[in-house]
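One structure is given below, represented as structure tokens, and several questions about it will come after.
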Amino acid sequence: MKKIKSKYELFRQKTQIILYGTNTFLGRLFDLVLLGLILLSVLLVMMDTVEGINHKYHSYLIICEWIITVFFTIEYILRIISIQKPVKYVFSFYGIIDLMAILPMYLSIFFPATNVLTIVRILRFFRLFKILHIPQISQQSLQLREAMQASKEKILVFIYFVLISAVIIGSLMYVVEGKESGFTSIPVGIYWAIVTLTTVGYGDISPASPLGQFLASLVMIMGYGIIAVPTGIVTAEFAKSSLRNNAVSTKKMCQNCNAQLHFDSAKYCHECGTELLNN
Amino acid sequence: MKKIKSKYELFRQKTQIILYGTNTFLGRLFDLVLLGLILLSVLLVMMDTVEGINHKYHSYLIICEWIITVFFTIEYILRIISIQKPVKYVFSFYGIIDLMAILPMYLSIFFPATNVLTIVRILRFFRLFKILHIPQISQQSLQLREAMQASKEKILVFIYFVLISAVIIGSLMYVVEGKESGFTSIPVGIYWAIVTLTTVGYGDISPASPLGQFLASLVMIMGYGIIAVPTGIVTAEFAKSSLRNNAVSTKKMCQNCNAQLHFDSAKYCHECGTELLNN
Amino acid sequence: MKKIKSKYELFRQKTQIILYGTNTFLGRLFDLVLLGLILLSVLLVMMDTVEGINHKYHSYLIICEWIITVFFTIEYILRIISIQKPVKYVFSFYGIIDLMAILPMYLSIFFPATNVLTIVRILRFFRLFKILHIPQISQQSLQLREAMQASKEKILVFIYFVLISAVIIGSLMYVVEGKESGFTSIPVGIYWAIVTLTTVGYGDISPASPLGQFLASLVMIMGYGIIAVPTGIVTAEFAKSSLRNNAVSTKKMCQNCNAQLHFDSAKYCHECGTELLNN
Amino acid sequence: MKKIKSKYELFRQKTQIILYGTNTFLGRLFDLVLLGLILLSVLLVMMDTVEGINHKYHSYLIICEWIITVFFTIEYILRIISIQKPVKYVFSFYGIIDLMAILPMYLSIFFPATNVLTIVRILRFFRLFKILHIPQISQQSLQLREAMQASKEKILVFIYFVLISAVIIGSLMYVVEGKESGFTSIPVGIYWAIVTLTTVGYGDISPASPLGQFLASLVMIMGYGIIAVPTGIVTAEFAKSSLRNNAVSTKKMCQNCNAQLHFDSAKYCHECGTELLNN
């Protein structure tokens, strides 16, 4: 009995290393195969929505989707079994994604077309760089995340003010333009204001009256200055973080002449030639 | 008589603290309830303009709007009564907004559909962060405002030159394209030029002739370089303000001459040479 | 005879001061009246192209335009007479504009509708800030011009490469999409490429085939990275120029301890407290 | 026999200098004539696709194209003959372009309309600045390339995350909007997501349902913050490279240890402490 349990325990541990780990050869291989299968399943679902392909190959695509779903179901069960704290996994980000990626397929037996939602499993690709173990890219994406993290609050405050402006502008344009030129309600007006302020400009709704066009011009010029703000925030953050990582140390001071601003790698003072002690 | 007056005075003071203050529990609660009601009334007005909802629930929505308007009218009167300088409040930014937010509803008895203008009361939301007392966000929005304040003049000068260019470009396109492709007049041409230079590009008006498309290409490439300018201005301002907060300490003040803005590492005042104590 | 000449000379000098100078009260007043008249004439020409106004008031507008044109003709002649080197003025930037602003009106007798070209006189507005003598704004516009001047070459090199890319992309899309979806010729394809790369996106021409949409997506993502380049160039230039004007002098070194990086206004070394000699 | 060979060798060498070199007068002249002919041939191909011109002048244009193609064929053969390592040239960037620029014309005998592909020879224009020998512009384009090189990895990581988001957004909009408003399949939804996130916004596909417009608004606001990221990356890189060229001198090399990158003001080498001579 004990032997069986320990054998099971061994299997559990091995499975865990393969499923969760990215350091062993097998663990990494499994992750890459998994990503390959995800890419395949996403492509299958995508192709299934294209009319021409759907008409001809629907049955083949559905069979492939079912095979992949069964594989992912087994993987999901193994993940729950093999880990020490299954509850924690189930409610983690990737745990929820894994469940959301297999559930719609089973639901599609009762509610057709819900299988499209399996596409959510592409979020697993966020881990690609961790699996590939490319230190350079990991560092770059860390810097990206840091700069965005640091500018998050400023951008949220900014978006808050943009949204209030969008409500005012949208209501004004609804009053000025009326239903003929597409401004059928205030929410549609707000939608138009956001389309304009972000400079996307679909043109599905656009002002037709002279006064509406004049107001729209003002909004666009306002948006002109406004689009500069998030860019300014993020750029300043990037510049700051890249200066921080810069080669010049502000803490390295010469003990002889008190000269500051040496390179991090400096061994001698560039002012008086004394060997720097605080290396 | 005096007692009544002092009782009234007490009521006036209490009302003032609740209506204008954000430091007491009641004052803050009142402000949050107010914002909630504003949000509700804005949503009501918005929904009333959506055809499907309007047909079914118009009478209910109007009743709700009237209840809220009566509440805001009482609030407006109380604000005037409770404050020492009522004239100053009436002509202040929020005083005008408060009046503009209740007047249209009463006007809508005589002129239907003007109740849409009550939406202007959403501007009260600009005060949200002050009410919430989140120091971090207050600071962020202060930095945002500072950077925009500092770049305001440069951006205005820039917009001035963009507008002159838009007039020239719009007239040129009117001459080149003519009425067939939507350039029905010079003002419309200027509207098109602004739509293009800001990279919004609705496509409601777009050049059809080869020469017009060639000129439009030039304008777009010009706009390419031009859109960089406000971004550059704001970014430089952000970078400057974040550098200022970085290397230079604003808290290091000389105890002798009150000179400010020393380096973080400064040991002696750069104005009078006194050794800085608050190291 | 001499007296007449000197009287004429006096008139010539006085006229020159009023027409060309901006330092005397009369000179400045004349410039402002001139700008007012230019604005009026530009508005007249603009209104004349709006169908509704044109039908009703065309004759009135034309009369006003003729009056203003006569005034500007007199001004042009006076400018030539009053200046010492009339040839230099005639071939200068503003000289050509002044001529271009009156000629079309006279030409419109023979060739109707050419009077639209008189709008070119709005370029005289470039001088507004010089006339208004606001030092702050003059400085801001100087900084703007400097930063744009400094980044001019980089942006031209950049646009050169963008244009080559646009030719390749436009030809490719012409081959892939064909005439059905609007790509009727390679020049039109290039026009589409520029519309897309600059993120204007009218939508008058847009890919309809799956392959075309895939290629267009690649172009847009490319344009994503590309639009960052001119912004980066201009911003770096702005940041550099604002750092140059910054308060920290890199040339101010303490003669006692060799400490660098003092404020421009510093009188004492912030490292050792010695009075700075190189003030 | 030897004399003939040496004569041939002389011819080979002379041809090589003219075809490949840009230092001799003839070499440079040849390059400029070549670029002129390329421009001519590109314009010919472009004009041939414009319907109006094609109908009238097709036969003339085809003759000109054939003459130019024969010239380029001779040039291609001479390039192979004159160089020492012909295989290296054939498989180099410009070797492949040169072949791709003449092959389509010969193929067009069997497959009409393939002659459009000869336009690829415009890529030869990338060498223009090298031929013109303008040091200032060479330096500018070097700086541009450096900054783009340095930000390449960050931008690729960024585009990777944008693409994953586009897949999710596109699928969601396909589910929400359905086929009526143009979202006919998930790939089309992804195409729409890219058109929106890059703020191009053609408007050929745009949401029509309230929920779709609400989601699109969220996507646009997201894209608002997102477009700031590549700009931030490139700008920080530009600023860094321009700062590097500023305070730090790349020309100050230690005569003792060859260490580079000293401050402009450095007097002693920061690597070995030797006094720097080239002050």
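Here the chain labels run A, B, C and D in written order, and each chain numbers its own residues starting at 1.
FYI, contacts are C-beta pairs under 8 Å (C-beta built on N, C-alpha and C of every residue); 3 or more make two chains touch, one makes a residue touch a chain.
Chain identities (UniProt): A, B, C, D = Ion transporter.
All values reported here derive from a predicted model rather than from experimental measurement.
Participant: Counting C-beta pairs in contact, does A-C beat B-D or the other way around?
Facilitator: Greater number of contacting C-beta pairs: A-C.
Participant: Based on mean C-alpha positions, I'd like to know which chain lies farthest from subunit D (Ion transporter).
Facilitator: Between subunit D (Ion transporter) and the rest, the longest centre separation is with B.
Participant: Which is it for copies subunit C (Ion transporter) and subunit D (Ion transporter): same residues on both faces, with over half shared, or different residues?
Facilitator: Here the answer is different, because the shared fraction of interface numbers falls below one half.
Participant: Which of these pairs, A-C, B-C or B-D, matches A-D in more than half of the residue pairs in contact?
Facilitator: Same contacts by residue number as A-D, out of A-C, B-C or B-D: B-C.
Participant: Between subunit A (Ion transporter) and subunit B (Ion transporter), what is the gap in Å from one C-alpha centre to the other?
Facilitator: Roughly 30 Å separates the two chain centres.
Participant: For subunit C (Ion transporter) and subunit D (Ion transporter), let me know how many angstrom lie between their CA-based centres, rounded off.
Facilitator: A distance of 30 Å separates the two centres.
Participant: In whole angstrom, how far does the Cα centroid of subunit A (Ion transporter) sit from the Cα centroid of subunit C (Ion transporter)?
Facilitator: Using C-alpha averages as centres, the distance is 41 Å.
Participant: List the centre-to-centre spacing of subunit B (Ion transporter) and subunit D (Ion transporter) in whole Å, with centres computed as mean CA coordinates.
Facilitator: One centre to the other, that is 43 Å.
Participant: Where in subunit B (Ion transporter) do residues touch at least two different other chains?
Facilitator: 50, 187, 190, 199-203, 210, 227, 231, 233, 235, 237, 239, 265, in rising order.
Participant: Would you pull the subunit D (Ion transporter) residues touching subunit C (Ion transporter) in the complex into a rising list?
Facilitator: 42, 45-46, 49-51, 116-117, 119-120, 122-123, 125-126, 128-129, 136-137, 140-141, 143-144, 147-148, 155, 159, 162-163, 187-188, 190-191, 194-195, 198-204, 227, 230-231, 233-235, 237-239, 242-243, 246-247, 265
Participant: Could you please specify the touching residues of subunit C (Ion transporter) with respect to subunit D (Ion transporter) in the complex?
Facilitator: Residue positions touching the partner: 153-154, 157-158, 160-161, 164, 167-168, 171, 174-175, 184-187, 190, 196, 199-203, 206, 208, 210, 213-214, 216-217, 220-221, 223-225, 227-229, 231-233, 235-237, 239-240, 250, 253, 260.
Participant: Touching residues of subunit D (Ion transporter) toward subunit B (Ion transporter) in the complex: what are they?
Facilitator: For this pair, the touching residues of subunit D (Ion transporter) are 50, 199-203, 210, 231, 235, 239.
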